[in-house]
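Please see the structure below; I have some questions.
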Amino acid sequence: MNKHTPASNVQPVSRFPVPKLKDMPPDVRARIEAVQERSGFIPNVFLVLAHRPDEFRAFMAYHDTLMDKADGLSKAEREMIVVATSAANQCQYCVVAHGAILRIRAKNPLVADQIAINYRKADITPRQRTMLDFAMKVALEAETVGDEDFKVLKKQGFSEEEIWDIGAIAAFFALSNRMANLTAMRPNDEFYKLGR
Amino acid sequence: MNKHTPASNVQPVSRFPVPKLKDMPPDVRARIEAVQERSGFIPNVFLVLAHRPDEFRAFMAYHDTLMDKADGLSKAEREMIVVATSAANQCQYCVVAHGAILRIRAKNPLVADQIAINYRKADITPRQRTMLDFAMKVALEAETVGDEDFKVLKKQGFSEEEIWDIGAIAAFFALSNRMANLTAMRPNDEFYKLGR
Amino acid sequence: MNKHTPASNVQPVSRFPVPKLKDMPPDVRARIEAVQERSGFIPNVFLVLAHRPDEFRAFMAYHDTLMDKADGLSKAEREMIVVATSAANQCQYCVVAHGAILRIRAKNPLVADQIAINYRKADITPRQRTMLDFAMKVALEAETVGDEDFKVLKKQGFSEEEIWDIGAIAAFFALSNRMANLTAMRPNDEFYKLGR
Amino acid sequence: MNKHTPASNVQPVSRFPVPKLKDMPPDVRARIEAVQERSGFIPNVFLVLAHRPDEFRAFMAYHDTLMDKADGLSKAEREMIVVATSAANQCQYCVVAHGAILRIRAKNPLVADQIAINYRKADITPRQRTMLDFAMKVALEAETVGDEDFKVLKKQGFSEEEIWDIGAIAAFFALSNRMANLTAMRPNDEFYKLGR
Amino acid sequence: MNKHTPASNVQPVSRFPVPKLKDMPPDVRARIEAVQERSGFIPNVFLVLAHRPDEFRAFMAYHDTLMDKADGLSKAEREMIVVATSAANQCQYCVVAHGAILRIRAKNPLVADQIAINYRKADITPRQRTMLDFAMKVALEAETVGDEDFKVLKKQGFSEEEIWDIGAIAAFFALSNRMANLTAMRPNDEFYKLGR
Amino acid sequence: MNKHTPASNVQPVSRFPVPKLKDMPPDVRARIEAVQERSGFIPNVFLVLAHRPDEFRAFMAYHDTLMDKADGLSKAEREMIVVATSAANQCQYCVVAHGAILRIRAKNPLVADQIAINYRKADITPRQRTMLDFAMKVALEAETVGDEDFKVLKKQGFSEEEIWDIGAIAAFFALSNRMANLTAMRPNDEFYKLGR
């Protein structure tokens, strides 16, 4: 809870009911407790989506396969895609939470805000700029993706598998951003300061 | 393959490699063979996404929990949401494939095309119109979803859980449409005629 | 009438009064009866526009001079332009009715739906793709048409007269789509299945 | 020709060939000579469209039945619709030529420029404001026209036939504006000063 | 006041209070009386902004340093930027008032209306077209301005200082247009005819 | 300079020449040294705009009269308007720098990021939400501002003078954001952490 604002103005965690840990299915609860132990707090996305355990499981499985992959794009680059496209979708939870992760992964306290506000002016490489141009295209007008885009990406050294990753991360957060805006998912206060 | 067009113009099934059944992990293959047996053909979405088995599994789990639910919105209504939002995203695969399913589920050969082109003029109930207005908002400008929208939906008799379903289906197909446009996923010829 | 839907949900043929054949001026009536004999039914556009005989005559004269021309673009290509631009304008009548004509003219049951949903991924030639890119520009942002566009079209072998035709068909259906959306013109049930 | 600019910068009358009076079909030529006698000059739209006599005839017939009607909307109001929607479509010919006609018909030297730039702030009645709101909707997003719009118009006293007229004029100039932008139709210098 | 319209339809000079000359601070009043002497009337922008003397002073200082500069862009070119971007922002006051100034500065009675409606088809040089393309980019999507834009401008011979001027004028009128639309600033009747 | 990124990726302070303190006119230099003493560093906006001393003076005078006013809107509320509209314009400098000021003025470490990403979900009062809705309208579509907007604001208790302030701040930052994007103005590293 935000201590800096009159309680009446503080937005709740979700528009929908938020289950208690003790009422969750054991696997969902176990997953959440593991995160809590690692991070010191429970990111609200886990609580909000636990309202629907089956969706929770599919969401987390999808997220992990795209974001925890060892080869190809770096973990910081994956988070750059999340931050850029989530900002375009005005998703408060994803920009704040993944902005924090990006700061940590990139060991750079500035780049998350730079990308969120205008990725074209961030302290990134030309290759990363090309990556984000494509991610934004998938996020905002995927219907126009064509062979030309693939040529531009390959000229920057991206493999076919990396291109799939860029597009798939943008596509997954198209879902994620909409769920966060549907549920009015509140970013935890803890995220704002992490990695600064 | 489209027999009606010079082979050189026929678009392929995917921009990315499409695995053979025999090379797929057993669970993925089993799932696909079950669909094939039921439908008489393999919808291309299964072949295209099988290129990435982990994403395949998460995608199908997410899809099934949203689309195969017994209570609340009818199955035809769920497909209406898919068709309306996928048309807005210009997703060829999803409109053609789910248009076919909608015709079958609604036992109505006209409604899928009507909704795909302009859902505001389809032969649907005012309640379904309200449902699609909200689904389109989640698909196209989820950042503006607010309390007013929930009031309008509740006035039409939608419960909180049904509202989550409407939004979650629109959100899931935001992902699905982008994957289809990223991969240039080709709708199977069989879908075009089903349920007409 | 759509037999598959409760009568209360079925949209009427027009928001405006629809005249009876016997009350129409003889030339309008003759034209309509000729179509009826040839097609087996009266396409609703004739009934809806007959409410205003002078506009009916000008509309049909304009339509015929653009769509029935023998040389230059093929008849199927002219219908492709209609379907692509009418889909962009969300015109139910034009997409359904001209989609049927396109299927017949192109002897191809798939191409109309492909073009309506996302013409960039249809089974068409690169030359036809260029034609539709230009038609969409005229339909959606004609104010930006410039010399560059003409160069691109000429490189694909289009003559000046063919370029006029592409633009003029897109322009005429800008009118037609708006009249159909103004009157809520209902596509006849018969069109949905033709040519599949 | 604009005498105030180096000849090299002056845009031509049309991107397409412009026929000579003596080479036109007699009825087209007669129509043009009648206009010339009445106005003292030949508005370029006649010369540009005469390149295609059949389209010329249909265009003029359509134009006249909508714009020369005696009852319902006043002639000035019809021109207001043309100027507002043509400005939204950035059609130089239509705004300049019909702006002149509007100044003359309304006996008001200011209202054409006011409407072209921002019709919401023009010196018009609330009823005319409602008329233009609807015309702009037909021009820019006709797919969303619905029963609510008709209610608003009727509350301002518009009959069904007048609503058709508003929509049909907006629809016809959707065609006209696109033909002018396709052909780069140049407004005659004479129009700029008329009625000021 | 517009004598051609029933008084009840004539829009006022401002939505906010308009001070009398005698109530203004002496420096503001002196500046306004100087304009009045030179022009024969007081342009409404002076009266409307004098409601806030400090903003008035800053606004006029900013305006003069950008618009009265002797070297680089010509004064007519500076006014072209104002007219093109103000039309895109639908600012009645700026298009009418600066359109008049442009006609006078360019000694060309046509070019202001041409640029206001569709600058791409105005009687201007290719260099001026490039200048306006950039000004429109700053006005409408400044977040995408990048190195490529500077290259295009330099190829047309623009210096760095001239590029700053183009951008700064577009930026200043982004402010000016919004103040005019906020206050519903009415263009003086006198402007419409000047320089024709 | 960002120490966390390879020097080659770090964006410069401005696309244009940045003058040295010793080369600035005395008044400009004095103003900057006063800020430096107060803040401990020189915000880049001062250095970037000092390239043009006259514009610098007008800009700062305009800024101060709008942002340092004692009555009406609180200073935190003025900064909220800056952050919300600058985020909509993707202005990196303004969001980062004024975000810091907002955190300090509001004594709230969260509200700046919340407003920048999606002001509709920030921890603010309904009155502040109405204020930001109007500021965004002025920033993004000022041409549609009308009497209805004033009624909504007055119902929330805003006076005419406060409405002018809201609109004028949004208008001034429409200029400021465009100058920052034109010059690629880099936010100082110091701002990112202030007030967290």
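Order of writing sets the chain letters: A, B, C, D, E and F. Residues in each chain are counted from 1.
Quick note on the criterion: contacts are C-beta pairs under 8 Å (C-beta built on N, C-alpha and C of every residue); 3 or more make two chains touch, one makes a residue touch a chain.
Note that the structure is a prediction, hence the values are computed from the model and not measured.
Chain centres were defined as the mean of their Cα atoms; on that basis the chain farthest from chain A turns out to be D. Because chain C and chain D share one sequence, their contact can be compared position by position; here over half of the interface residue numbers appear on both sides.
Interface comparison, A-E versus E-F: the higher number of contacting C-beta pairs is recorded for E-F.
Work out the mean CA point of chain D and of chain E, and you get 27 Å between them.
Centroid to centroid, with C-alpha atoms defining each point, chain C and chain E lie 44 Å apart.
In chain D, 90-91, 118, 143, 181, 184 are the positions where the chain touches two or more neighbouring chains simultaneously.
Here the chains touching each other pair up as A-B, A-C, A-E, A-F, B-C, B-D, B-F, C-D, C-E, D-E, D-F, E-F.
Residues of chain B touching chain C in their complex: 2, 4-5, 9-11, 87, 90-92, 95-96, 106-111, 113-114, 116-118, 121-125, 181, 184, 186, 189, 192-193, 196.
Chain A contributes residues 118, 120 to its touches with chain E in the complex. Only residues 143-144, 146 of chain C touch chain E when the two sit together in their complex. Residues 15-17, 51-52, 54-55, 57-59, 61-62, 65-66, 89-91, 138-139, 142-143, 145, 150, 160, 164, 167-168, 170-172, 174-179, 181-184 of chain B are the ones touching chain A in the complex.
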